[in-house]
Amino acid sequence: MTVSYALLGLLERSARHGYDLKQSYDRRFGGVKPVRFGQVYRALAQLTRDGLIEVVGVEAGAGPDRKRYAITEEGVTDLGAWLGEPEQPQPLLQPVLFTKVVLALLSGRPADEFLDAQRKTHLAAMAALTRARRAATTNQDAILADYQLFHIEADLRWIDHTSARLRALADEVRGDSDGS
Amino acid sequence: MNALVALRLAVAGGREQRLRRGFTAAGIGVAGALLLLAFSAPNAAFGRAERISWQDAATAVVDGEVADPPAEKPDGALFLAVSDYYDGTPMTRAYVAALGADPPVPPGIDRLPGPGEIAVSPALRRLLAATPGDQLDDRFPGRDTMTIGPAGLAHDNELVAIIGRTPDQLRGVGSVAELHGFFRSAPRVGVLTIQAAGIGVGTVFVLVPVLFLLVIVTRVAAGQQDRRLASLRLVGATRAQTALVAATETGLAAGAGTLLAWGGYELGRRVLAATVVFQRGHFWVEDVRVPGWELALVLAGLPALAVATTLASLWHVQLSPLSVQRRARRAPPTAWTALPLGVGVAGLLALVPLRDRVGPETLAQLRPMLALLSVAGVVLVGPWLCLRAARGVARLSRRAPALLAARRIAYDPRATFRAVAAVALAAMAAAYLGSTADRPGPPVGEEAKRIPAGVVRVNTGGMPLDLPLAVHRPGTDDYDVPYDGSLAGENRVRGAVAELMPNAIVNTDRDPVDYHLETLFADFDRLGGVAALFVLVIGACGLTAGVIGGLAERRRPFALLRASGVRLGELRLAILVETVATMLVTSLAGVALGLVAAYATTRAEGLVWTGPGLPVLAAVGAGMLAALVFALFALPLVGATTRHDAVRYE
Amino acid sequence: MILTGRDLHKSFGTAHALRGAGVTLAEGEVVAVMGPSGSGKSTLLHCLAGILRPDSGEVWFAGRRIDDLPDRDRVRLRRTAFGFVFQFGQLVPELPAVENVALPLLLSGRRRRDALAAGRDWLHRLGLDGLDERMPAELSGGESQRVALARALVAGPAVVFADEPTGALDSVAADHVMELLVDAAHAQRTSVLLVTHEPRVAAHADRTVLVRDGRDTAPVGAP
């Protein structure tokens, strides 16, 4: 999904071949996760079928990369709509941490120790990220690190908050287990 | 929100708030009491004049004519009051003779003494008892049957006798007048206008520092009020509602202060009457008071002024609740602010050469106005002077506390001036009062008329003096009677003259040389002491309030500087330098203006100005110093209010 | 170790702020003290800096025990060897920025021209060129804190104590202030004791100490 829209965005700047698109994508967005050729061609095919892009030229010669793609009017509209639509927050670690806390409380293991350990790991990660961020040479790298920092910070806040309410939480969880 | 809620908010607040309110109440009490006592001064002077106005019944001159007192009784009386001396102390001999069954009676006695009777003041009775019979009794012949009460006495030490005679005994005597009444109030003309002029200007000079004191002590109670009211405004209170809260808060302290002022005034006037000796005697406590309507006005005005001050100082909160956080700095004062002062002083000085052209009434009207303009000028130029002082301090000293002080003054010269204004204006008032008051020197040529020792000089008004040894001085109405030079000898001559010629004016070298105003200004320099006390009280309150106020504003940065290792002494030094520097500069300006005004007042009345006596200047200086020392007692507060933990949770 | 606090106890009336907390600070090291509100982290800073005297325990600075020094000596130590940054409100409102920075030098008797030159230099190093003559009321929150930072560093202290130095700032200004603090500290081998409740701020430190209920827990992070 995100890949398709990234390709649409790249095509909006100028029409190009599939090979160029993958190169551009990796340079700009690949820092998180590079894309495979097959994915690119699948996405392009899908976008063509949906009428969001069209083939504007086929060059003579061998190899798969012979078609030039360009964005359509519909493609531009669709891209704009996607960009304007806020994303639902991604619960990254939350299911795992939550499960661990509840399981720890249920089984009578020390949840606060788990949270402390988790906090230290998070803090260490933040320190490492902050160092990396300070060493970053471009603003793009820095704000990418910022994104991760803020997410870890959010987890840390949740950890602190949960630590403070651990006793009430334990009573509730154990009460449930008694009842079941 | 109603008044009850406002009251609830007003009485809330911790110990510090209560302390602040207490300080404000005390300050308003002091200021109000001083104001009332200052307003009592003219009353005391006029009251004294009124009590003895009966003595002028035969000789009062109004607009160049002998003026008769208004008739009170159908029958008449013959009357003459003669000034006399005992060992240089003035005394009054009055002769009366009733011309019918219902003659007029002077105040202080309930009937006229008959022939052979005398009425005496308590002080004279004591003197008569203590003096050998051959020295004084001849001058006061008759049985002592009556005491003259306070209603007819200038003060408790006045030496007066009313001597009863038959009409025939008095008929041939010069200057005796036939009356149907006595003056009950002094005609406020002649020399009294000078006192009135001095008092008019003096009142202006006293009023302004007291007002400043009121303003600054009121602002101490306001303290963090602007913050609290801003938060009320932010949660949606209207301007009227926050004004009500502020007025209630200040009103509580001001009300208590007004009661204190009243009590202080009632106590103070009794203390003054009992302790102040002015022109040889204490004031009667009934004279040391303000008229009822003035009392009511001041007592109503004190809280009103305090509330108005609070509302004015909170005006910026009313306009925008956010102004508490960030206030725009006002432009620094410029040298132009000296203009009104210059005009006022120039005007006062111009009165000296213009005196003959404008006439006494215009003079009396112009002078208080020019004085007011000058005082307003000092208030206006004060911040600019403070700013100059700050530059001077910054240039002269390289130490950090001095720099802190200089920057503080320069940052808000108006606030720093407010803190010292009371001292400066009080010093000005004291310099004025103390030096107008200073004894004028003898007019040129008068020295030659001194009476030689060993001679009693008798002015007979042109009648021959039939006394052995009396020698007529050619070209005058004077006769010189030689004697042995002793007090007893002088008294015997005086007794003989009085018997022979009751209306004669008798003097020796023991008498104070009365250069026509001597008694009027005698003891005025004692006012220097009162003035110094005034400077001290006003200054001490004002400076203390200023120090406390300045400290409250800078509590957090000072506390954090202290945590960073700045010594307490350095912070105290900064506050001290800022107070002393501004106080010195503005007080010098104030004293200078006071002296100029005193010079102009004295000279415009045609008197010789001898400049301030050293005692007056010393007293003013001592008052300022004492006020400063008193204010220094606020400095230990620096330690308590800037403790690190004191600001942590603000 | 330039600064060591050991087994520190401190109570205010019946409230125990510290119960055996301790921390060590190596030369040039930036250590963050974290903990929830009321955990005693600020009290720990005040004890280590000699502002408060602990009820028991020891504080050593540069090989010298300082918690039992008389107040006068601790004041001298604070002004000569320590620098301070607080959350807000530490600038003297009447002094322009450059004089605020130069204040510690002026107080220790440095000539005014030299002190002001040093102040200007520090403003420049913290990216505050052109703000020399601004009054504190005319500075933004971030600028104020950077001026405060310059003042803390101007006398070349051995240790800078920073108590929630970014507490009143947004995250961008906070990052900026922290970067400047850490860079300056590393550049002149000044140690920093940083008290904060924000993980993002603490992440700038070389090491983090967690304080809970007046006690320190095991340190975190790379040595």
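The first chain written gets the first letter, and so on, giving A, B and C; residue counts start at 1 in each chain.
As a working rule, a contact is a pair of C-beta atoms (placed from the backbone, for glycine too) under 8 Å apart; a residue touches a chain by one contact, two chains touch by 3 or more.
These numbers come from a predicted model, not from an experiment.
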Building nodes from the protein chains and edges from chain pairs that touch, which of line, ring, star, complete or other describes the result? line
Could you tell me which pair, B-C or A-C, is linked by more C-beta pairs in contact? B-C
Taking the mean of the CA coordinates per chain, how far is chain A from chain B in Å? 86
Just curious, how far off is chain C from chain A if you go by their C-alpha centres, in Å? 38
Taking the mean of the CA coordinates per chain, how far is chain B from chain C in Å? 58
Residues touching two or more other chains, restricted to chain B: which are they? none
With touch defined as at the start, can you tell me which chain A residues reach chain C in the complex? 116, 119-120, 122-124, 126-130, 134, 149-150, 152-153, 156, 160, 164
Enumerate the contact residues on chain B facing chain C in the complex. 326-327, 329, 398-400, 403-404, 407-408, 410-412, 554, 556-557, 560-561, 563-567, 570, 644-645, 648
Contact residues on chain C for chain B in the complex? 42, 46, 49, 51-52, 75-80, 82-84, 86, 89-96, 99, 103-104, 106-107, 109, 111-112, 135, 137, 152
Residues of chain C touching chain A in the complex: 34, 36, 179, 199-200, 202-205, 208, 210, 217-218, 220-222
